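Report on the structure given below.
So that you can tell them apart, the chains are marked A, B, C, D and E in the order they are listed, and the count of residues begins at 1 in each.
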Amino acid sequence: MRTLAMRLRGAVVPLALLLLAEAGMRAAGTQSDALARPSEVALALGEALGDGSLLRASAQTLGAGGAGLLVGGGLGLAAGLWFGLSPLAGRLSALTVELLKPVPSVALIPIAMLLFGFGYRMEILVVAFTCFFPMLMLSQAAVAGVEPRLLEMGTVIGLTRRQRVWKIVLPAALPRILVGFRLAVGIALVVAVTVEIAANPYGLGYGLMIAQQSLRPDLMFAFLFWIGALGWGLNALMVALQRRCITPFNQGAAS
Amino acid sequence: MNAQVVPLGQQPRQASSPRRQAAGAGASKQIRFDRVCLDLGGRRIINDLDFVMEPGEFVCVVGPSGCGKTTLLRLLTGLVKPSTGAITRGGVEISGPSRDVAIVFQDYGKALLPWRTVAGNVSLALEAMAVPKEERAGRIADLLRKVGLASHAEKYPSQLSGGMQQRLQIARCLAQEPAVLLMDEPFGALDAMTRQGLQDEVAGLVEELGTTVLFITHDLDEAIYLGDRVIALRANPGRDSSSLAQSIAIDIARPRDQLATREEPEFLRLRRHLFDFIQEHHK
Amino acid sequence: MNAQVVPLGQQPRQASSPRRQAAGAGASKQIRFDRVCLDLGGRRIINDLDFVMEPGEFVCVVGPSGCGKTTLLRLLTGLVKPSTGAITRGGVEISGPSRDVAIVFQDYGKALLPWRTVAGNVSLALEAMAVPKEERAGRIADLLRKVGLASHAEKYPSQLSGGMQQRLQIARCLAQEPAVLLMDEPFGALDAMTRQGLQDEVAGLVEELGTTVLFITHDLDEAIYLGDRVIALRANPGRDSSSLAQSIAIDIARPRDQLATREEPEFLRLRRHLFDFIQEHHK
Amino acid sequence: MKDRNGLIASAGSVAVTLALLAAWSAVSAQRWISPVYLPSPAATWQALSEGLLQGELLALTLGTVERMCYGWLLASIIGVALGAAIGVSPMLRAWLQPMLELIRPLPASSVMPVAIALFGLSPGMVLSVIAFGALWPVLLATVHGFGAVEPRLEEVGRVLGLSRLQFIVKIGLPNALADAFGGVRLALTIALILAVVGEMLAAQQGLGTAILAAARSFRSADLFAGVALLGAIGFASNALLHLAERRMLAWRR
Amino acid sequence: QNKINLGYTAVTDFTAAFVAKEEGYFKKRGLDVDMQLLTITSAIPAALQSDSIQVGGTVPTVLLQAVDSGLDLVAFANASINDNTGKNPALLARTGSNIKSAQDLVGKKVGVPGVGGVMHVLIRRWIMEKGVDPKKVTYIETAFPQMSDLLKAGTIDAVATADPFSTRIEQAGTGAVVSYVGRDFPSGFSNVLYAANRGWAAQNPAQVQAFREALVEAIAFVEKEPQKTRAHIGKYIKLPAPVLETLPIPKMMADLAAPRLRFWAESMRQQGMLKNEPNLSAVIVK
């Protein structure tokens, strides 16, 4: 009962804002190629869901974004663990990482386009590049932040390096690695959509652009809303995963 | 039956306590501190420490809070390197932690894996030693029984009281079957009865296995009751005086008894002697 | 000069120790445990606890590890609520923490702000009480001197030894000038001399200020030396027997003395009595 | 001793970077990849120095830096404040978090058209979009930092009778600071990216427009010069932040 | 038979290709053409270069700049040409801005659909020919659908745009036409053309030829059957029906020769957009 009420409360603010927008636009009689009333957006959303185009576009975006996430996030995690575990490797790579990290993925799109043309490979490359660094930084920090006493203990009881990684470092760093992964999931979606907006002729970003160019602001906002909802769902999934992996007892290891 | 008050820097030439003869093969290595100094944060914490631990010897360390007892113990594990001087074991310089040196940390709360149960935490040591899976359960149950945690095997550390956490740490160290056991105020969080029980348990175990023990405590009675020798450290040694203020051999027969031993005149004499000495050096 | 062994559930009618008459105005509230039970994780930790603390009284709690001493203290702060029964102070049920109840936690490492210096940690309590800035420095220096940390004011907790961290926590509690002081094995990490010094310091302070004290220790000598009354808790009370195993009034004159008091026949008698009682109840 | 190790590590780190540069140089010299896509380091350096000394690259760079800094500052302040509020108040969490979670994954690039329609093509609009995008890591990390306060410290706060505000300022914030700093660092990177995207989409003069122009006309040396400048900006700002972090989190060492 | 991926953008300049596809003129000549709608013109050279598409509809400015930078692209057919009787492109000024001529644009902000794109180059040339320094005007990249809102908000003072957007801006009352810019230039220079990778064009001369022939046939159809043509357009450009009805169809011409590109080469050199003098005949394959 109470949790239901709590959930409903979360919906109050956005609903109020939507109603306000609807009322305001009706009152002002807004006529625009770039804006649409919430009610029109809702209709367009229903239509796009009904004809399957939205779901198809979602599958394309999620497929490319997911593959990019796996490649970039996986490599980032591996590198983060490596750099976190071996301070030498971490320090040697520091400058290169710091120099490459701020390179915006959008600046890469033209280069990736020339190399691969449009298509999944290009999108995966750009998404992977973008997911790589946050995952690397956060997992490196998570590993470096493991309670030193635990590592000392592990060394003293004679765990091998490998065992220390598996039995101490990873479980202790897991909560923060999951936070990083959650972030990376969000980034992957955002970048995948951006690549589609800027170049790739499929997926949600492409749909968004086409809707805009076809003078369908209602459909454009429907896509925008759907992207938000998708991100929200992914995040909820990640939170559930976090809950499963972190019991009340090992939570303390996160901090 | 006389307290050998050994002048600083000199060590007893011979193993005089019965325990030392009982030393097993695994412990047949002398530990030697050779003019060890250590600076931390620009301050001299330990100065000119020079002493020898015979294999199988049970050495207790006392001294005021902050005098460097924990630091001394960390030096022995190899977790901290001396600024000058060397620490050798069996003639070889200690370069880093080794499996046959076990340590019971003072801050027990931080040395346990919060995501493993009581049994899981003990298991960690067995896993480190590559004990086959099927053997582990039995040995874990055995160890937990020894420290009185048998009925808490499935709890997480955060569900244990302070004393129980410390006992868990001890169980894990015993699982290691170490040749050298370092204990940093291991019984500080225990009640009197549990403490006495564990004192005898540990004393018996190390005697049997010939383990060399360095035992930090702030309880003089405990130091005398357990030790073959008691070492007193000096706070703020500076650069002129050695950290080692005194080394007192305890010539009381083993096995010792919680009631009888503590009433022996030699025990009382040593206690008074140590007490006076420390009081004198305090402030 | 007789140990009043009070039957369970009954409390002394009158304040009989000199300290209780010295109770100041801030402490003029009786604390009453009224048939308190507590379950944690489906287990009965504390059962049917029923006793009264007079204003200004110094009550020591002893009992085996894991018997619920820390839990009892947490009940008094209001951090934990009893499953059944009630705890009142001055007739009002304790609903949550209040500033005039200070607590020294057992796990000192976790109770300090790691990002504040020693002085900053003490300052926290003064800030909570809205002490004007210009007054703080003087009071902090004063408190740090009392616990022997004057020369470490600018260090961070991670740079202190265990004992020093605990003394810092005590200083912060004293800064609160509490009417009720709850101490959970506060001297467990201290060396014998520092410990004795702080025992006398704390005893003197609370006597002067009329503070009511609940003091957990596993050292029977300490309990008798400090307390007006010693309470022994029973481990695993189940649902039939009360957690309160015994309540012993300590009728030894104050101020007490580390050497003289501990040699008094009454002290030794009480010590033996408590010891026997606890040994009997152990296991 | 420590300083010497640090020096060696820094030198090693520079060496690794130089080695990678050399590899790049070799690849472009061998013409394994056409210079249309991959210019040589020398060509990039030339484009860079010419652009900075003679062209308008310097002014564009400063424009981007300014935009990034303001957006980032805005994001950090709002993120920490909002994160603290949400981290402390379960009430606020219940009301706001679901909506924030819904807005968070919206790509800033797709929010831009809406922002343009609502606020016009002003610098203020670009700033608000940068702040919007860079806000999330700060917010998330701060909320997490508040949630991860050691339970014992929370009890200390309650026992000391700290007011809500005092608890936030004296315990919550310092405790969250370490986490928040991670978020703030990430926010800086994102702010830079969004400044560039903003320039590309909303026609504000800056490195973004320069890169876009280079990309459209396939001047790869100019493109790489722009990207290298972005890397340099990110590196320098991060280094400054690192310095600040080391000062503020001195207790960790 | 090889498949041809044809990349195009959502403008009616590609009407001939839509018709050729729909009426089977491609198929008749053995061409298997797939139509791929892209959102940005400037992505087309990269897509050609990487063989994501074999034929791309693009504008001369983009093509010339790509070639100038070393991409080996060629044009082989024309899509549309400038028509100095038409209404596209148009320069519209914000209502109340008092912009009546090129002189009035000094210090103002003009929205163009793509910086460096055809309209941008054209408007700068127009301003210059009116005797004004085009550098004294600020150009802001603005997507077509947003132009009306931005004019209204006062963010920009004028826009260079085309139908249906110019008509919609007029109808909404947010702006008024200053000049139909295309009318101030001669008819006949290429506005949109079909390009390919040089390698592909060299290997497939027959297909190039067939493609051109199909376009010629389609242009004849467009003139005969305007109603059917609109229906075909609706399939490839998704616009609301009323907008589609009024959409003007530009003048189309499949034949491509160097003179059709000379106007652009000149303008771009003037505006400093090309490093080298373009070799126009090498850019075109017959």
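Heads up, the rule we're going with is that a contact is a pair of C-beta atoms (placed from the backbone, for glycine too) under 8 Å apart; a residue touches a chain by one contact, two chains touch by 3 or more.
None of these values were measured; they are calculated from a predicted model.
**Student:** Mind listing the chains that sit against subunit A and also against subunit D?
**Tutor:** E
**Student:** When every step has to jump to a touching chain, what is the lowest number of steps that links subunit B to subunit E?
**Tutor:** 2
**Student:** Where centres are the averaged C-alpha coordinates, which chain has the largest centre distance to subunit B?
**Tutor:** E
**Student:** Compute the centre of every chain as the mean of its C-alpha atoms, then state which one is farthest from the centre of subunit C.
**Tutor:** It is E.
**Student:** For subunit B and subunit D, let me know how many angstrom lie between their CA-based centres, rounded off.
**Tutor:** So the centre of subunit B lies 50 Å away from the centre of subunit D.
**Student:** In subunit B, which residues are in touch with two or more of the other chains?
**Tutor:** 107, 110, 159
**Student:** Residues of subunit E that touch two or more other chains: which are they?
**Tutor:** 143, 146, 149
**Student:** So which bits of subunit D are touching at least two other chains?
**Tutor:** Expected reply: 36, 113, 116-117, 150, 215-216, 218, 220.
**Student:** How do the chains pair up in terms of touching? List each pair.
**Tutor:** Every touching chain pair, ordered by label, is A-B, A-D, A-E, B-C, C-D, D-E.
**Student:** Can you check the complex and tell me which residues of subunit B touch subunit A?
**Tutor:** 77, 79, 96-103, 105, 107, 110-111, 113-115, 124-125, 127-129, 156-159, 172-173, 176
**Student:** Which residues of subunit E touch subunit A in their complex?
**Tutor:** 7, 10, 36-40, 43, 46-47, 49-53, 143-146, 148-149, 164-165, 168, 172, 237-240, 243
**Student:** Taking the touch rule as given, give the residues of subunit A at its contact with subunit B in the complex, in rising order.
**Tutor:** These residues of subunit A touch subunit B: 147, 149-150, 152-160, 163, 167-168, 171-172, 247, 249-253.
**Student:** Flag every residue of subunit D that touches subunit E in the complex, lowest number first.
**Tutor:** 34-36, 113, 116-117, 120-122, 203, 209, 212-213, 215-220
**Student:** Would you tell me which residues of subunit D are touching subunit C in their complex?
**Tutor:** 150, 152-153, 155-156, 158-162, 166, 170-171, 174-175, 177, 249-252
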